[in-house]
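We just call them A, B, C and D in the order they show up, numbering each chain from 1.
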Amino acid sequence: MYTEAVMDHFRNPRNVGSMENADGVGQVGNPKCGDIMKIYLKINDETIEDVKFETFGCGSAIASSSMATELIKGKSINEAVELTNKAVVEALGGLPPVKVHCSVLAEQAVKSALFDYAQKTGKVIKGLENYEPIDDDDIHCH
Amino acid sequence: MSKKFYLDNAATTRVKKEVIDEMLKYFDEKYGNPSSQLYELGRRSKEAIDNARKIVADFINADEKEIYFTAGGSESDNWALKGVAFANFNKGKNHIITTKIEHHAVLHTCEYLEKFGVKTTYLDVDKYGMIDLEQLKEAITPETMLISIMFANNEIGTIQPIEQIGEIAKEHGVLLHVDAVQAMGAVKIDVKKQHIDLLSMSAHKLGGPKGIGGMFIRKGVKIDNLIHGGGQERGKRAGTEGVQNIVGFAKAVELASKDFDAHVKKLTSLRNKFIEGIKNNIPDVILNGHPTMRLPNNVNFSYKYVEGESILLLLDMDGISASSGSACTSGSLDPSHVLLATGLDHGTAHGSIRFTIGEETTEEDISFVVQTMKGIVERLRMMSPIKND
Amino acid sequence: MSKKFYLDNAATTRVKKEVIDEMLKYFDEKYGNPSSQLYELGRRSKEAIDNARKIVADFINADEKEIYFTAGGSESDNWALKGVAFANFNKGKNHIITTKIEHHAVLHTCEYLEKFGVKTTYLDVDKYGMIDLEQLKEAITPETMLISIMFANNEIGTIQPIEQIGEIAKEHGVLLHVDAVQAMGAVKIDVKKQHIDLLSMSAHKLGGPKGIGGMFIRKGVKIDNLIHGGGQERGKRAGTEGVQNIVGFAKAVELASKDFDAHVKKLTSLRNKFIEGIKNNIPDVILNGHPTMRLPNNVNFSYKYVEGESILLLLDMDGISASSGSACTSGSLDPSHVLLATGLDHGTAHGSIRFTIGEETTEEDISFVVQTMKGIVERLRMMSPIKND
Amino acid sequence: MYTEAVMDHFRNPRNVGSMENADGVGQVGNPKCGDIMKIYLKINDETIEDVKFETFGCGSAIASSSMATELIKGKSINEAVELTNKAVVEALGGLPPVKVHCSVLAEQAVKSALFDYAQKTGKVIKGLENYEPIDDDDIHCH
């Protein structure tokens, strides 16, 4: 059902954990839907120096989080904000159709953490001008 | 991988050796069509079916004329509900009572029947998955044609008080259909004593082949056919009989009836050890289903802060097969309707795992699985953003 | 008794050795539930089904997403007719066109659907069992939702001009369902070229196991489920899949596709010898069905002044299995509706015997059977009060 | 499906054939229904000296005819007229439910032959006073 890459990132997820004094923290998802992703960013000079994630979710959610953190680590925030779920899916060698939304969650978690960073620092990140954190009361599960 | 631990016997079971041996005779040796009574080969097949019917009938204390073979539990459930509803089509009675925790073969059929004017009441269950007999009584109206309640639940294993339900149905002159797919071989079924009018069975849950099941229809019950055509099954279910499958089903039933009590006792004791093991080794778990009125092979817990699929994937890496929710829905993303009906919140429901032990399960297996689960849950909780809630 | 002559292959066939071997893997080795995708055993079963679906799809030139497994030909026929009728329930379209010579799985379903407001036109056939395309065209009304015509008849073997029928259906925007239970493996089926929207199949007529069949549903066709429940068969047919049966079905199809042309040629030549043998050796016989547009294995004659059952009983004494009328009705006393539709009078219809040869039939078998029939018919005619009419 | 006795009488039917100058001939059944039975009686001194039958019908019809002829052979016409289908069924060790009517046919064939004899000879046979030969146009198949 899952590709080798998915199983690898699921079995040995990279960048698991939380982070003290993170520069940006983003959390998306909802336990109601069976998935929550939280991403912690350490940003220095507009570059993502370190990233950690915590995920409550299915195998594909864990693999997507792991892959997303790998894809943005070391990148500039302007590069990171352009991370799409499609890039995550491709890097994972594909996801079953019902599992594509898990990669969307990963994209959103990254954006949410960057937005948090932007808010805290007053910076404007291109592409996040109109970003609206999802309202918990208005959740639609996939 | 070395040893395998198959702990998903509620999804399906390994076909027993004796069952296969019996079936094999009906492939290239006694392959006649049982409808062909005018030659030897056909008669041999017919005899085999008659014999199978007798075995199944005896097992549930029915008459052999009340047993019909179907393609499985889902067909039987559909037949019971649609058959009774359509027999009452445009005749005044249009109400079905069922529960919120039935198998989808019942629930989706009820939903479907709405377009033919059928109304359904879905009874609640308590936190153990038990229905309330008072609520059942109150739900019965003059329009009620059928009560459909499962004997034992496939996910949480809760066993309903079928005999009392049967008395209520009888008292009110309403037909009672019981989905006994999971109960068969685990709970004593007696359609007379329990006042059951229709009963769904499936072979592959007790060591028989997949794609064959049965239906008990009490003599005199008015029910339309689900499959019309040839005169098979005394005109009630058309289609050339899957003789080999029928024979296999009966063999499985025969084996189950042989050491019924010992089997149930052994499983119950293993199940209790399993439950204790999980409770004592893993914090923040909730046992789903009833503590005692439960199937002897069912161990279903919710593990807080973690999600079921990731547990299953990690279990698979250690050769352990289990399930989250029921097998039919594990491909979907919705949390189990059964767990939600017992009052679990969505998040907790998502972290539920069902182990269903089988004949081959040993105490050592259980110790190993408990320890493996402990490790898996710890590992996933470490990854979880909600571990500290 | 020494040698057996099984000449009732239209009733059912011996399961082929290769089919059994394939099936055996799915009993106690790969016994997982195909819905359980999160562990190894479940995935193996799923793969087996996917592979089987591909084989069946290729055989009839369909897409694998258009193939659904059922419990046999009867279920498929019921599904096609009820599924389309119920999808149109209370929506204006309520007319079905079929023929007088369909299998009971079609005819009895049409009768049943009357109570839901469905009207059926039953097309006539000529003395060879052929429908009239003009009559078909005239029967189509704006209310017509479905045309259901069998590819080849099970009793007399007549093959209908399905491609032309398909063109008419397409032209008028009416769905076409084809019962191909007998045609499969004997006639080239191409659902695209023949404009077929729904096609019924059954495994046990071509060396596969009993109790498993298939349905082709063209993408986009609106059809209700016959069996609701779990999400199996892409949500269209609930019930744990009979994996072993599905695998067996596919293996039989694979074998049939391998030497299709040679097989058909061989059977046709044997059939023609058989027909000539009967004609040349027994007076006062009538060949039922079409002389050339007929199944390569079908030999159906009426023997005047004698009755079918007594012939069958005497044949059985010599180890010969045949049938009078179709297998499904041979337990009943009514003369075959198919033979009556071709214009035979009741008396003559009662004296009809169908031989359907198989892969194992030899020329010597046929000579022996012809001579045996000669003796039997002479003997019974001597006993008959109407021999001199 | 059939008892040994049925199969025996089917395989080796007794008294098959027609009879020249029979004293009574009866025919019942209809080809439409798939069964016709014809019974020939040679009667001497109110005793059935010989009997023959011809049957177009199923195995059970042939066996029933054969058994019926055996049961009345040598009997007086007053005994023969009391032959019931039940007696035929019993002598055959039973018949499948759907085949019981074949024995009824045998009973009627005997009665019909006796009636013919009564008509030809002007005799009154007890039990046949109200006998009505079945009208061919009014046939109901079993």
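What we mean here is this: a contact is a pair of C-beta atoms (placed from the backbone, for glycine too) under 8 Å apart; a residue touches a chain by one contact, two chains touch by 3 or more.
Chain labels with UniProt names: A, D = Fe-S cluster assembly scaffold protein NifU.
Just so it is clear, the structure is predicted and the values come from calculations on it, not from any experiment.
Can you compute the centre-to-centre distance for subunit A and subunit C, using the mean CA position of each chain? Integer Å is fine.
57
How big is the gap, in whole Å, between where the Cα atoms of subunit B centre and where those of subunit C centre?
Going by mean C-alpha positions, subunit B sits 33 Å from subunit C.
Averaged over CA atoms, how far is the centre of subunit A from the centre of subunit B? Could you give it in whole Å?
Distance between chain centres, rounded to whole Å: 41 Å.
Mark out which residues of subunit B touch at least two other chains, giving numbers and ranges.
In subunit B, residues 37-38, 309, 313, 331-332 touch at least two other chains, as defined above.
Would you please write down the residue numbers of subunit A that are in contact with two or more other chains?
Residue numbers touching two or more other chains: none in subunit A.
Testing understanding: with touching defined as stated, what is the shape of the graph linking the protein chains, line, ring, star, complete or other?
Topology of the interface graph: other, matching no listed pattern.
Which chains are in touch, pair by pair?
A-B, A-C, B-C, B-D, C-D
Can you list the subunit C residues touching subunit D in their complex?
Counting only subunit C, the residues touching subunit D are 305-310, 313, 317, 331-335, 345-347, 350, 382-386.
Under the touch definition given earlier, write down the residues of subunit D that touch subunit B in their complex.
Residues 1.
Applying the document's contact rule, which stretches of subunit C touch subunit A when the two form their complex?
Those in contact with subunit A are residues 37-38, 43.
Hey, which residues of subunit D end up touching subunit C in the complex?
Listed in rising order, the residues are 2, 7, 10-11, 13, 16, 27, 31-38, 54-59, 61-62, 98, 141-142.
In the complex of these two chains, what residues of subunit C are touching subunit B?
So the residues of subunit C touching subunit B come out as 4, 6, 8, 11-17, 19-20, 24, 27-28, 31-33, 35-42, 70-75, 77-78, 86, 89-90, 103-106, 108-109, 111-112, 115-116, 202, 204, 209-212, 224-232, 238-245, 309, 312-313, 315-316, 319-324, 326-332.
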